[in-house]
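Structure provided below as structure tokens; questions to follow.
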């Protein structure tokens, strides 16, 4: 587990996947940067690899992460995403093992070690509680408990699932942070998940497919803060 | 075949793979930019995805290409390399189907169409003459005829192989350009390949593992010009 | 191209995929064996790997093919499907590059050579006319012209598509046979495709999802014969 | 964890990979069947998929396992290895996640569940102690603790590694059995591993590349028995 950067809860992950890039993603990143400061909520932002450096340079509060990286060392590997290159471009972390980019057990283990080595926060996705427990053995910084069947459905995780996954992961390693994913469509969904006890949540479709992505982003980050304050104050 | 940019021979491809990144690749790219102008040789340069924008902005003559891209459309696809994002970052082309990043027949066909669509020169690798002929059906801009068994061996392609592959590819589509790859270790190797009739060649190890990569780069580009002038004047 | 076995048209491919196995696939294979003799139509039958030997031993007319094989040589390769093992089990051919099991350009090229080497008829799938032309360069015995978008839709290929794909493939290599796939749901669809000029067609869902698969099989093979006789007599 | 079949220690795994098939593998399987009875040592034997049924029918004591299977349900999936088909062919178990056939975290989790569901003993490979602990969360029947760097080197695992991996796995789930792999070249290596406290070991190269594979097999199984009796009597 990389110790060089601790992400203080509450936090929120925005995953542009392949929806936005270039000028458009810059606009969204600037809005996220502003919302992060305004609501005192940490935002993990995972753009296309090619946009990492631009966004890292243009923002002050945003936590720019790569969408994936390969566990290879410096050397051969055409078409790869080298951990050192991700770090050098200004990313502070990396997402691993998303359902759209699954990794083998061995590569995931190695990639988390490489993240620790080069100094990147690792956020790793798990489909089931069992997978979350297994992945916890590799000591990533954050685990995304995101039941694959919910991705893009607009149905948020419920309190029971949130409590169980968090407890199961913390039992293996209490230092691992848990992000509750899947099914976030609007501020109310965000509010519900954080109110149900989560430290963090996130979305792709909820913002990417919104009529006004920047407005939806603001609505969601505001909801994080509101629910968090109600639970923790 | 993308018609928006024609790369005038002679040209040379430098493939940093995962050997260099960040400040180090910037230094090499600047040396390549200078050599390109000095010797009037076009240089295709394929950095890590994360370095594309930096190099495209820092150079004037260099042809910055992505090492790979995925044939997906704008939308989902976490961990992918979106064609539109590659273009927006400043790349003018993309390499596809390298032996270290092989593509399925169907994905390669789609990726070449996507390159045409977003405006990227496509340079596609082939292991054998049969593969080069098959790939020629997909009308990429450039085919790299690079027998896999030679990669990294320091043994350059011979005149007979150069003539045969070029003829076989041109027979399918005379507009496709041919780059003769594999086994280039120094300026003499470069000279021999261009002197044997090639329009283009390239290297990874030859420069990446050289004691002084910038000096080797200059030696190789100079050799391209010298051999080319002897053949064509 | 393997010359040890020529499949005389008309022929028909039944692809059980992972729908049937064990006793159930044996029953269907025996019905196919009977229909092949009764209607004088060659039937390519692609069971699970584990059922190849049982079906090869239990049938007399059926052409048992593997669903896929790997281009590796004898030696290492745990989890692989070795060409020599496929042949030894009694298969007479192998399907390659189906949309559900796509192969890289290089592996497909090698696998066709391996099929020739060990003595297996190769039947290779292509998604588009361009892919069919590209694949034709590798000289397989049969190309399945099966637009991916039609798989499982119940909409058969039309006469124009049949004529164009056949001509495009034969232009590259007139010895390659063409099977027109996709969208076959019943005997009428089969009749239409053969009547439109195809030498061969086939189905998965049409038989696998039929209420009475053996009856549907008989209906389809009868339709092949009827249409073939109308066109060729 | 599948409870329908418990493999009593000591046991030994013979992995023919793609080295032997057809008549040759039958000869070896018959010798293994005989050695299993003679020395009262359970033998897991993982032939090519196409040879499973033949070997299951020809042997009485041998535990025939598939080299791999896919976690898919009955239905589509051309080129797949269906769990139900593996079971129907006579296999009693399946190997998963070998270094030559690595699986994603999610697929491995699903494949172990599928093995439980159809009634197959699961034997899962792990490269490192951390991976073994992670995989133990999925409750396979057996974990192969086989450091990838040792595969094929002829250097057996030492006592300390054996004790540590076994303890780490048993701590997660004491019902999981542990097979100590890698580097077995002859009877002496086998003796050393079992004498060092292992319940099971195995080999590929040690037998496949022996001048007389059947003689080497007998030597190794005899060594299992001898060492086991010295430790346990």
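Labels A, B, C and D are assigned to the chains in the order they are written; within every chain, residues are numbered from 1.
By our rule, contacts are C-beta pairs under 8 Å (C-beta built on N, C-alpha and C of every residue); 3 or more make two chains touch, one makes a residue touch a chain.
The UniProt protein names, listed by chain, are A, B, C, D = Triose-phosphate isomerase.
Everything numeric in this text was worked out from a predicted model, so none of it was measured.
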>> Just to be sure I understand: going only through chains that touch, what's the smallest number of steps from subunit B to subunit D?
In response: 2
> When subunit B meets its copy subunit C, do both sides use mostly the same residue numbers (more than half shared) or mostly different ones?
Replying inline: same
> Among the chains, which has its CA centre at the largest distance from subunit B's?
Replying inline: D
>> Taking the mean of the C-alpha atoms as each chain's centre, how many Å separate subunit A from subunit C?
In response: 45
> Just how far, in Å, is the C-alpha centre of subunit C from the one of subunit B?
Replying inline: 38
> How big is the gap, in whole Å, between where the Cα atoms of subunit C centre and where those of subunit D centre?
Replying inline: 35
> Considering subunit A alone, which of its residues make contact with at least two other chains?
Replying inline: none
> Who touches whom among the chains?
Replying inline: A-B, A-D, B-C, C-D
>> Touching residues of subunit C toward subunit B in the complex: what are they?
In response: 97, 99, 102-109, 126-128, 130-131, 133-135, 137-138, 148
> Can you list the residues on subunit B that touch subunit A in the complex?
Replying inline: 15, 17-19, 21-23, 46, 48-54, 66-68, 72-82, 84-86, 88-89, 91, 95, 98, 100-101, 204
